[in-house]
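Chain lettering (A, B, C, D, E and F) follows the sequence in which the chains are written, and residue indices restart at 1 in each chain.
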């Protein structure tokens, strides 16, 4: 979710279906299928040293989703060019922000009173945009951890729409996050699947740590997060045991540590569930070890950078 | 879905969150929650003699959905005023079209880099628009009936988002309709619920006729359609037995008649399922009796009007 | 749940498996199956004018549960005698309290190091006790209504143990009520069944009012409450339409009125769900009409009595 | 379940919430939540050479359950002290019995007419007791194997109460065992989960052997038994392949060997299902190898000891 | 199931796909889809006064099943002719037997090494046969009642194959009946659906009586039995309240009366479940009243006839 | 399914329950439980160099199924003798065909008007037969790949009948294949389980390839195919990673390669799903590598042989 800090950026230039437009003019038609049918796919990554992180993996996932949702979108190399051009066109802004969060939205396109039978699936509306990274919020996550709550709204099951398609057609998630805030004002939703198993957050994956085991829900109830994949990869390097399977609220409640992964903050400790302390209530050792390993991967002290930039803001 | 025929209308004037704008300028911000979260509610009704049909019931349902989805929208009387003003401002267009289809979209509003804690649920983006009624398509439905197919995509269950909330956050339905067209090129989706029971179509309710019994799925698997309610009411008048409960593909396959209800066409026979004839393949007697009763209700020969206007186009 | 006010009663005399004992000595063996296996059935009713209300129906339900759970208990007439004797033995106390709440617990009995093969199901431990009615709490319910919240703990499904057996083997319900209080400090749990449908509260049934319709969940997800049955009976008398079927959180959220039924308070309005006002936030007209009809049935102004006795306390 | 043989022990001294009482006076209040709400947790282990086996793991599991069920109980070291004191106080009895079975029960405590808001979760009622081990029964299990049957009562699902919490709120299990005995007089229940998968017995975990593979149901349908964990650990030592996942009645019916694990008998062959022979109807080689490995672990010939003590009794 | 008594009939003449053959030569090819794919539909009715009972309803149901299963079978009038001819050809036998049980089997036909693309669904193999009615067994049912047990094998769900199609592809039912006999040697299976609700027996529907209410499972878990329909019709005539919905084992266990319906015996009391008496263990008053009403319908004392013919045999 | 090509074989000699009969006389009684109850088990394997492939594994699986279904069949060695004798008796035919497909059917036997209580489960009807291998069809599969579609008919769940029992009681599968052909005329069914997960085809298992991973559904939703087991074994040899677990339509749609395994064709690429190309639409590299490894195993170029024999035919 674009954060408050976005206003800190002066007018950036965004890409909308072939046009470069200033932020204040970034609009889409009310006839767009993204609005009228919820037909919107999305992708996002942050920069490290102003270079998009894991850009290829993100765009491959996006291309995959688009193919399965039968969207006509630009090829992956073209998308990379557009991202590069966006960073170039906004280079002063980006330099100033230090790092940015890059977002890609694609809809099935404008509905067609003019659409031909031959052209059932019209060209996508493609939007490339970015905003600064809310480092102060990130720092708060790293230091104090996140609070979560289980809403009664459940995760959409895979036989409706596979959770591995990263899309925006998710009003139920807005409601889930609101429910979570009604349970605990500082909390966000940790969704359960229809059988009551832990699924994922709204925009993040969940991990629990039990001893040396680092466990996360299996892919039929959550997004195949790229940050999630990075964590699973790093476990091997650190002598931890990655485990993918069914996770229940019991596991969360009895875990040594719980953490979230997302493209913006990489890894954030979760320290409260329904207002009750998890583990000892502090960011755990394994969580921190993983965050350090990640810092090493990208050659940046991730928490240090957040602290520095948060102070500057 | 706005049909091809919408281009027949010269530039109409629409309402977007307090502004009156010509169709070509009808746009929303890319930061709108309708695009970015699928946070969009919708409502629609057609006119009979240029008066919105069952306007109050539609707006009450909309108001209900908005309350449950925690949207801040205008009060019902204000919405009626706007609709009246839209018809007034476009009176030449409307007169010329004969009848129009009025649509209302509301999103949770533009996302908030500026949003205050006090204002968690910002004012909705509200869009009122209309288009002409595709009478030629309607006539084809009345005369030949619709074709449907069961997609493998299932209806979203009520513990994710209650089907009685009429929203646009439904990419899965776009995919369901595409799957149906892949099964039978002329077919639209008839969704099954996760247990395999018949739920509804994308934008329409389903009914089956067995003898004097007129049956439709219960409300926990489908929209509480207003046209559906009208049919249930008319059953009593016609000495038919309305029945609400679990409907299975077996029931559809062994029904005497099957029909769809929707605000645009009121009642349309369904004559093919997966490419196979249902009943005797022709619009059934009960279906026609119900359509006639409806014509009487509104003082217009519904099929006759479609034939007349289709011819004129 | 015995309330704080129970201490207002001086030492009463209770019945435990053939013995009459003062409250302070009312104990059971730690080898009782009620403790060690959760093998405890229960029943309860309040008095009106110091006579047990619907005593036969309560005892018939108890007898039924005992038979299905394969408990050996005393016959119904004997149970009535014991109740009568208990009221007699404590007549001063009861007179003084005005009305009391009578409770019956039965376990499968003490476990058997001595048990014979011939005697697989030993005689039940049977406990008859009572406490005063917490009129101040009841009055608060009548005037301000109850608050409820949906816990993530779900109702035990009928293929584990049929909800129509009224038993005490329900630690999950204690947890559900605690979860509810964590969501909203003043709330109690309104349990959902495994499919997400509204089931019942911990010790009470739920009703929703929509227009003239008075709806309650079907018996496969909740106790066949006797107060629930009384309400369904009174609907007919009042020209209301009773309806038994699937109720979803959507229905609760969009109801005109919501209320609870239980043997202690008969009918109590529910005015908040997850901290949000239901209906207009006040005890509804239908709720009040039903409560008045009940008062008429028993010849006592139920709310008036609660007000009088609460004041006196 | 305390067996017949318990009467062989002269009056032992038990611990109840701070008091040391002789068995004949071991009682709890009828107002205890353990009786009235089924709010009882439990733990148990046998001694080997009169030392509690895996005492720490048992008490850690108990502490975990207590935290999740929000019980206020004594700290783990204090519980160990009490156990030690109980063995000390009853040293003659224990010496005479050879080995004993130690049991711990904790309830949420006496209900509170006096409970303060500040003290929502009152101090637990804690009971420590023991009984002699029914070696004759054990020997019979080792030599002839157990008989099991599938009751129609199903295992409580994890979204009601996680099976990893070891509690006493399980009347459904008493009924399941009775149903099993009605199917085959000598059988106990092998519970299926709601989807029909094999879950566990009443107080024991199940394993099946296929070639070198030793398989047991996954933890979301059964207790994480400590004996179960011991078996999984020993598999590695013996060159067997442990496997944790979904087990169906088909797997049981087609297994080479089936066995049960529990703290009292460690490992017992299962030789009949619904009255039909499993495998060749005799305790299997892998079962026996595991039991020998266990004997080696504890430095006692487990079956030999049972034979010796059974003869003595 | 053809009973032992069939041997009492001397060689009858049966119809197999156009041929009239003596029983001893009644065979089908091993390439028949009925054997190789389980592609077999079935229908059956008994005679009253040597006339097939409800012949039209049975054949209409059969025709419906055949259409849904995409079988090519003879038209209904032709089937009636064949039945008439069979009774005629075997008139001596039929007269002698008094009444007979007529059976119809149809398969999708012989598999096709020769099958043409144009002929995907080859002509059905159609078998018409009959056997005498096992009156002694029927009498035993009427007088002593049936015993039933719940097998762990569950009823096939409607999303696999709708239970309203009457087919022979049901090995699971053979296993269910065997399981029932293993539970109680005299019992047959009363199948539960996958959620644990009572569904039906193998070849019969189930009813329970509570007061004046006569209840039976809804049609999505059982065959729409014609005898079941007759009972529902007769309820109205007798001032009983028919009820169709979810039935659970609890309802069976707590019913006043339980009975089965089938074409052969019409109505038979069920007096034991899992070896335990239901109701008072004797054929109930409502059951008997319904059986008398049926006798009146067909102008034959059904039980009396069974007694007479059983004595004669 | 016996293919068209079977007519190329002159009259072969088959085995039916102790008799050797020419194909034209291969019949079973209409009273056989295989026809009347769907009580039929089946097994099949092809020859390589005229020797039955993996004969022991196939017969062991068959013996297992028979035991679980409580069939009385001949012992495994006797079945091998009969197969050998059948190949011997038909040696000219077999030589001429090159390779044949051997099939075994067993039913629970003829129903018993004569059946004794002692003989509840009568001797099976056992049928051994064979037909030539449709090499032209196989070649087409190897070169062009198979087309599949998801029917709305779902896989029978394991709590009805475990999919590991290989039986013929599967009319639902005939319907599933017909539905698939209605979706895409060239397609066969790829069944989904009741939760929407990919299960298996009618007579074949499915695999998907993602990079080096070769994944297949877990055994609780499909037959434990012997060809499936062979593929899992070969993965190790080829440095591929076998994976067994939940597969969803998403996985199929996003796989690099998809293939089927069955005893007749061993491995066949799947190149279309619902009419849309999978992967690049051609038999994939991993698929081909596995087929080559299989060729090496059996010492025959499997595709080459199919090409040669198809040309000859």
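Basically, contacts are C-beta pairs under 8 Å (C-beta built on N, C-alpha and C of every residue); 3 or more make two chains touch, one makes a residue touch a chain.
Computed from a prediction, not measured in an experiment: that's the story for all the values here.
Shared contacts of chain A and chain E, meaning chains that touch the two of them, come down to B, C, D, F.
Listed by label, the chains that touch chain C and also chain E are B, D.
Centroid distances from chain A, each centroid being the mean of CA atoms, peak for E. Compared on C-beta pairs in contact, D-F and E-F come out with E-F as the pair having more.
Judged by shared residue numbers over all numbers used at their interface, chain B and chain E contact each other through mostly different positions, with under half in common.
It takes 120 degrees of rotation, in steps of 5, to superpose the Cα atoms of chain A onto those of chain D. If you average the CA atoms of chain B and of chain D, the two centres end up 59 Å from each other.
Each chain gets a centre from the mean of its Cα atoms; for chain B and chain C, those two points are 45 Å apart. Measuring from the averaged C-alpha position of chain C to that of chain D gives a distance of 33 Å.
Chain A and chain C have centres, each the mean of its CA atoms, that are 47 Å apart. Residue positions 152, 154, 157, 159, 192, 194, 196, 249 of chain A each touch two or more of the other chains.
Shown are all chain pairs that touch, namely A-B, A-C, A-D, A-F, B-C, B-E, B-F, C-D, C-E, D-E, D-F, E-F.
By the touch criterion given at the top, residues 1-7, 14, 16, 26-40, 42, 69-70, 105, 107-108, 111-115, 120, 127, 129, 152-157, 159-161, 167-175, 178, 181, 194 of chain C touch chain D in their complex. Listed in rising order, the residues of chain B touching chain E in the complex are 192, 195-197, 245-246, 248-250, 253-254. Chain F meets chain D in the complex at residues 64, 67-68, 157-159, 162, 164-165, 218, 220.
Listing the residues of chain C that touch chain A in their complex gives 150, 152, 154, 179, 182-183, 192, 194, 196, 249, 274-276.
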